[in-house]
Amino acid sequence: MAEQELDTGGFDFSEVEKRLGVTRRTFLKYCAGVAASLGLSTSSAVAMAKAIAAKPQMRPPVIWLHGQECTGPTESLLRSEQPSLEHLLLDMISLDYHQTLDTGAGHKVEELKKKSMKENHGKYLLVVEGAIPVKDDGVYCKIAGETMLHITKEAAEGAAAIVAFGSCASWGGVQSASPNPTGAKGTQAVLPGKPVVNIPGCPPNPANFLGTVLYFVTFGKLPPLDQQNRPKWAYGRLIHENCYRRPHFDAGRFATEFGDEGHKLGYCLYKLGCKGPETYNNCPSLEFNNVGGGVWPIGVGHPCFGCSEEGIGFNKPMFALANVETHTPPNSFPTIEDRQQDTGISPTAAALGGAAAGAAIGASLMAAKKVGNTPESDSGSDG
Amino acid sequence: MKRREFLKGALGTSAATVCGVMASSKTAEARPNLEVNDNAVGMLYDSTLCVGCKACVAKCKEVNDMSPVIESKLEAWDEARDLSGDTLNVIKVYKNGTAKTKDAETDGFAFEKRSCMHCVDPGCVSACPVTALEIQQKTGIITYNPDACIGCRTCMTACPYNVPQFEYDKTFGQIHKCQMCNQKGVERIDKGQMTGCAEACPTGATLFGTRKQLLEEAKRRTALKPGDIYNYPMGDLSKPDSYHEKPVPNYKDHIWGEKEAGGTNVMHISSISFDKLGMPPLEERSYASMSEGVQHTLYSYLALPAVALAGLSFVVKRNIDSDGEGGDS
Amino acid sequence: MTRLIVGPFNRVEGDLEVKLDIKDDQVEAAWVSSSLYRGFEQILEGKTPGDALVFAPRICGICSISQSVAASSALRNAMGLEQAPNGLLATNLLSATENLADHLTHFYLFFMPDFARDTYGDQPWGEAAQKRFKAMQGEASSYFLPARKNLLQLIGILAGKWPHTLAIQPGGTTKTLDQGDRVRVISVLSEIRRFLEEKVFGDKLEAILELSSFGELFSWADNQPMEQGDFRFFLKIAQSLALEEVGKTSCDAMSYGTYDGLFPQGVWRGEVGKLDPQLIAEDLTHSMMIGDTRHPSQGETFPDLDKADAYTLCKAPRLDGKVVEVGAYARQLIAGQPLIINLAHKSGSNVLSRVVGRLIEAARLVTIMEEWVDGFKIKEPFCSHGKMPDEVEAVGMTEAARGSLGHWLHVREGRIENYQIVSPTTWNFSPRDSSGISGPLESALVGVPVIADEKNPVVVQHIVRSFDPCMVCTVH
Amino acid sequence: MSTYKPIGGRILTPTFIFFSIIVAISIYFMAQRFIYGMGSVANINGGFPWGIWVVYDVIIGTGLACGGYALAFTVYVFNKGKYHPLVRPALLASLFGYALGGFGAIFDMGRWWQFYNIMLPWNWNFNSVMLEVGLCVSLYIIVLIIEFSPVFLEKIGAQGLIKVLDKVLFFFIALGVLLPTMHQSSLGSMLIIMGYKIDPLWQVMQFQPLLAVLTALIMGYSIVIFEASFSKASFGGPNETPLLAVLGKVAVGLMFAFLAIRFVVLGVQGKLGLIFAGDFSSLMFLIETALFIIPALIIALPSQRQNPSKLLIAAVSMLFAGALYRFNAFLFTYDPGPGYSYFPSVSEIMVTLGVISIEILAYLVIVKTMPVFHRGEHA
C-alpha cells in the first residue's frame, strides 16, 4: 500500500505541499502509513490526507496543559516523524495554549487561554501533560496562582475531547509512586464521568498521540479505546507479544547481566526484570527517536520497566520479575495429557491382531472337531 | 498313588504355596519405606512461579547434550510434548475453560514440570535387574549406568511418574532420565554447582537445595497468607543468587513429594490440586517396599528355594529309583 | 515602590514566578519562586537502589541523561565499581549529546525568541530577528528542529530512547555497540558538525575554538554580515544591547567536573581553586521545606507550604556558606577555556558570557565527541558488575547542561535509606539563605532597569533565560 | 525298549510353507528392529514400555510353555508314571516356548548386546523381580535342554552319555520343577511394583505370585491336553483322552482355587463392585472369568470330560483364560496415566506371529524327525 499512490479523486494537495515542504507523494504515503497503523482502510487514509490539507479554519483549537511533569511528552513530540510533527501538528490543530512552546510569556498567555476556551466552548481539544496533585487541595502544582486541579477541571468543562498525554496524565506516573507525597493522580481520576483518552508512556510515543489526533481531526470522534481508555490500535498488544527477543524467551535463553554473552547475542531480558510480558504498548513496532534499527529500550539491551502500564511502571522494582500475562502461541505448551509418542491404532494392525486371535480360536475348534471325529482306538486306563 | 491322591496332592501343594504366600503377605509389611536422607539434594518446583519460558528445558538439553524434539515443519523451537529419550524435563500446561487466569482451577491455567522426582524409595532402582539404576548414597540422586543396562525397561513400568525413557528411535538406544546434572562427565553437583534447570530458571520456580531445606521452604510458602509479599529466592536455596518479591498465591496445602510413595527429593507445590496436574494416585507406602517385601519373604538368601530344591530332588530321585515308573529312559 | 510579578514563564522547563520590587525604575529586590513539587526524594526512600535509575531521570525531560549519569555514578561509587572503559565513552557521548541538544534548544527555542518580540521591532536587526527566531514560526526552528532530531538519534542509538533511558548503568551501558552502530554514530556526528558550522557558527568549529578574547570574539563577529551564522547574529544583538552588562552576578562559579576529568572539578574565585564537596550545605530558611541547614547526604525533603518567611519550594544550597553560580559558563571557566576566562576577567558572569559559554562548549563538545567515537574497543565489555554493600553512603556528581548536579545516596540492607538531589537550577535560582544573601538569579536581577508600567519586562526574561532554568529539576 | 518314534512324513507341507512365509516376513521386521531401533517396528512408548513382544512372547509364551513344568510335577513329584507318554512332547513344547520366549526377550531387550550383564553376579540386584525372572528363565532353558537331551542322544545313539545323564537327571528334573515355580510366580510379583498402573481388579499386590503360579499350572495342564489333542488330530496316534481328562480335572481344580483366592482377595480389598462397573476393565474381567468357568462346566460331567472334542474346547478355553489374565494385567487394562495409549503395529504383530510360526515349524520338523511321540500301542 505504501508504494501505491492513493486515489484521492484529483484533490489538490499543492497547498499542503507548500505548507509542509513535502511532496504530494511523500505526504500521501505518510497518511497511508498512519492509517495502516491505526488499522484503517485506504479510504480513511484519503480522508485523513484531505482533513490535514483542509483549510486552517477547520482545525480544532487545542489547549495544552502541563501539570506535574518533566515535559518528556512534549520533548518526544519535538522529534517526531516526517513530515516534521511540529509542522503537521501546527497545521492540523490550532495550538492556542502550550506552556513550553509558546512565544509569549506571563499572564498575557493565560488570558489568551481563557479567551480561547470561552470562544471555542465545546469545540476544543484539551491535552493534559503531567499528573495532577490533589493532596492539600492541589497546592503542589500551581500555574499563575491557580492549582493544576482547578485549571484542569475548568478546562475540561468546555472540551470536546480530552487527551491525557503521557503516563503522568494517564494514571499519575512517576510522582504517584508510593508513598505518592503529593497525591498525584491521572486526568481521568480527577475528571470522573468525562471521557479521557489515555496515551500513557514515559515518554509516550509521539506517533500514538499523533495518530489519535489525526483520527479525531479526520472523523470528529475518538478512536476505539480499551478498558483503560487507551487507543486500541496502539495499546492492544503486550510488548512481549511483539518483541524481537521473544524467540529467545520461548527457547529459554536469558541474559543474566548487562553485557554477558547472552546479552550480546540478544537473549531475552526477562530475567533482568523486563516488564514486557505485562505491559501493553506498541514500542516494538514503532521504536523511538526515529533512528530505526532497533532503537527502543529493549533494543539497546535494557529491560522494559512498564512505564506506560499502571501498577507496573514505578510500582514494581526495576529488577523484579514480570508476571507473564499471556502466552503465544498457546499451543506451544503440551497439556498434561500430551505424550511424545502417540501412534494410535492402525486398522491393519487391528485386523491382523483380530485375524491372529481368530485363527487361534478357529484352529482350536477345527481340531476339536477333528479330535471328536477320530474313532476311539484306545479306551485308555482311567484308574 | 491313586488319582484321588494325586488330585489331593496337587491341590495340597497349591494350598501349601498359598500358605507360603499368605505368610509372605504378612511379612511383606516387614520392609518399610526407605528412610529420607535429609542431606539429599533435590529441587522444589513452585508451579505458581513458573512463567512457562522453558529455560529449564533448553538449559537441560544444553547441559545434557540432547537434541530438540522437532515435530512440525516449522523447526522453530523444541516441540517436546513429554519426557522422552531426547527430553529430561518438560513444562506442561493445565488448562480449564477459558484458561484466562493463571493458577486458577476453573477457567484458568497452570504450568507443571515433568522430570525425575528422585524418589526416596524409587521403584526403578528396586526393579532394575542389573543395578543400572542406583541411589547415590551422598546425594540421593538416582543415577543410571548405561554400561550395565540391558534395556529391559522394567524401570519404566516401575516408575510411578513414567520418568525413565528409552530411545526407541536409535539402533543402540539407552534409558534417559534426569540425574540432577551429576552424571559422569557433567558432575555439576559434585563440583558444587546446582542443576542446570535451577540455574536457568528466571523466577526461582525450580529451586535447588537439600531436601530438608526445600521442604522447610515449601512448608513456609504453603503456610503464607495469600496476598502477602514474599521474597522468593532463586537458584540454590543454600546460597541464592538473587531474590524477587511477589505476592503470595493461594497455595494448596499439599507438598507433593513430602510423603507420596515414600517421598521424593524433587518436590512440587502449586495452587492447583495435583491430580489435575497429572500426578499419579499414590499413597504413602512405596510400591518398591511392597514388592521387595514379597520378594524377600519368598527368596531371602535363597533359603526357601534351596530347601525346596533339596526336597524336590529327594522326591524325584526316590520316585525315579523306586518304581521306575517315573524313569524317562 | 511597586511590586511586579513576572510569570508564569513559558518556554522554560516547569513553573517559575519572579516577584520584583521596583523602585525608581530599577529592580530593588527579587524573589524567585518555584511552585511545583512532586516528592522524588520521598518516593525514592525505601525503593531498591537500582530503582534510582528508573526514578531519577524522570525528574526532568530535558536533562534526563544527566540525572541518569548522576544516579548511576552514585550507585557505582556505592558499589566501589570501575566503569567499563567502553561504557564510560558511551556514557560520555550520551551526556555530551544531551548537553549539546540542551544548549542548542535553549538558544533556538527558549532564549533567542525573546529578541523577536515587538519591543525590539524598531531595532535595526528587529525584523530579521522576528523572521528568524519567532517562536515556532521563525525559520530557525525549521532548520534547528530537524537538526535536533538528528542529534537525538545519537541518544537513540546508544540509549534506546530519549528522554528517560535505562541504558546508563553503574558499570557502563546496556548497549553493546557493534561496528554498524559505530558507523551510525559517526555519521550523526558529522551531520551535527555540519549543522554547527553552517547554521550556528557560520565558520569552522576549530576557528571558533581559537577565539580567545572578548576582542577577538567581536572582531570575528564583525568579519561577516550578521546573517552568517546564528552565533554571529546573537553577538550583534548582544553588542547592540550591551548584554555583557545585563544580569551580572558577582558570586563564585562552581563545577563538579565531568567526562572523567576532561572538564575538571573546581571553584572559580577569580582563579580556579579546589572544590570540597563536604562544604556543600542546603539552607532552608526561606524554603518551604522543614528542617535545618544540612549537607545533602544528611538532607531531608519535606515540604511545608505554610512555612513563615518561605517563598519558594527551592532550597538554598551554599558552598561553604557562599552563593555559587553553575552552568556552562562556570564549567568552561574552570576547564580553562581561554575565551571564557577572558570574558570572566573582563565583565564577569552576565547574559552574554552565559550564552557564549554554552555555544563555545557546544563547539568544544562536538570535537571531543569525535575523538570518543574513535576510542571504542568494540570487542571489549561495555558494562562491569558489582555488588551493593549492606550499608553504604555515596555521591554521584556530574555536570548537566545547566550546571552541577549531585545525587547523595544512602543504602541500607538493599533499600534506599535516603536519596537527596541537588540540581543546577537549585543553585542558580536559590532563595535567600539564613544571612539574607540572595541566590544568583535574584542578585542578577537587582538593579535591572524596569519601566513601571511594563507588565512583562523583556530584560527580566533575558536574564532569567540566560541561566537556562530547569524548574522541574530545581524542585523535584 | 524305546516306544518313542519319529512320526516321519513330508516336511514341506502347505502348512509348513504357510508358516514359513510368515517367518520370512517377521525376519524382515526383526532385521529392521535391529538396524533402526525398536521404535521403527514396535508401537511401544513412554507409558507402555512393554508391548506384545514382552507380554505375549515372554510372559504369556512361557505360561503356555508350562506343559513341561506341569507334567514334571505330575510325573516326578507325584510319581504318576502313566502320564509319561505325554512328557516328551510337552517338554519339547516347553523348550520351544521358553527358547522363543528367551529369543523374544533378546529382540525386545533395548540393549541386547549387553544381555550378558544379567549373568554377571556383580550386577545382580536381589530386590529385582526381573532379575529372578531373567535368571530362572535362562537356567530353565538349560534345564529343559538337558531334560530333553535324551531325545537328541537317542537320535545320534550316544548311549554312554544317556547313562551318565540318567544318574544326574533327577537333579535337573527337580530344578525343572523349582525354577518355573519361582519365575512363574515372579511374573506375578512383577506387577506389584507397577502399583496404580495395574487395574485394581488385577492389582492384588502380595497375592500376585500365587495367582501367577496357579495360572501357569492351569495353562500348563491345558497346553498338554491341547497339544496331545492337536497332535492326534494332525498326526493320529493313541487315544490319550482318559489321561488328559484327569489332567483337565486337575486344571479345573486349580482353576477353582485360583478363582476362590482371587474373589476372596478382591472382596477383602473391597473391589468386588468394580467387576460390574461396566467399563472396559470389568468387561475384560467378566470375559476372563467366563473363560475360566466354561471348562469347569465341561469337565464337571464325566461324559463331557471323556469327549476329546469337548475336552479340547475346555483346554483351549482355559488357555485363553490364562493368556487373557496376563494380557489384561500387563497390557489391556494397564494404565500408566492419562494420554498414554498402545496398540501394536502391523510389523510388531508380524514379529510375534513369526515367533509363533517358528515354534510351530520347529515342532513339526522335530516331531517328524525325532523320537518325541510315544507310539507304543500302534507301532
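For clarity, chains are labelled A, B, C and D in written order, and residue numbers in each chain start from 1.
Operating definition for what follows: contacts are C-beta pairs under 8 Å (C-beta built on N, C-alpha and C of every residue); 3 or more make two chains touch, one makes a residue touch a chain.
Keep in mind that what you see is a predicted model, and the values were worked out from it rather than measured.
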Based on which chains touch which, give the shortest step count from chain A to chain B.
-> 1
Counting C-beta pairs in contact, which comes out ahead: A-D or B-D?
-> B-D
Separation of mean Cα positions, chain D and chain B [Å, integer] | 32
How big is the gap, in whole Å, between where the Cα atoms of chain B centre and where those of chain C centre?
-> 67
When the centre of a chain is set as the mean of its C-alpha atoms, what distance in Å lies between chain C and chain D?
-> 96
Using mean CA coordinates as chain centres, what's the chain A-chain D distance in Å?
-> 70
Could you check chain A for residues that touch two or more other chains and list them?
-> 317, 319, 335-341, 382-383
Residue ranges of chain D touching at least 2 other chains are 39, 45-47, 82, 246, 338-340
Do you know which chain B residues sit against two or more other chains?
-> 3, 82-84, 168, 278
Let me know each pair of chains that touch one another.
-> A-B, A-C, A-D, B-D
Sites on chain D touched by chain A in the complex | 39, 43, 45-47, 82, 226, 229-230, 232-234, 236, 238-243, 245-246, 307-310, 312-313, 316, 320, 338-341, 343-346, 348-350, 352-353, 377-378
Given the complex, residues on chain C that touch chain A span 6-15, 35-40, 42-43, 46-48, 50-51, 53-55, 58-62, 64, 84, 109, 113, 116, 134-137, 141-142, 145-146, 148-149, 152-153, 155-167, 169, 171-176, 180, 184, 303, 305, 381-383, 385, 455-456, 461, 472
For chain B, which residues count as touching chain A in their complex?
-> 2-3, 51-59, 69, 76-84, 87, 90-95, 99, 102, 111-112, 168, 200, 202-203, 242, 244-246, 276-278
Chain C partner contacts - residues on chain A that touch it in the complex = 21, 66, 68-76, 78-80, 84, 86, 90, 99-110, 131, 133, 136, 139-144, 173-175, 177-182, 184, 202-203, 257-259, 263-264, 288-291, 293, 295-303, 305, 307, 313-314, 317-319
Would you pull the chain D residues touching chain B in the complex into a rising list?
-> 34-40, 42, 44-47, 49-50, 73-82, 84, 87, 105, 109-115, 117-118, 120, 123-132, 134, 150, 162, 166, 169-171, 173-175, 177-178, 181-182, 185-186, 189-190, 192-197, 205-210, 213-214, 217, 246, 249-250, 253-254, 257, 261, 336-340
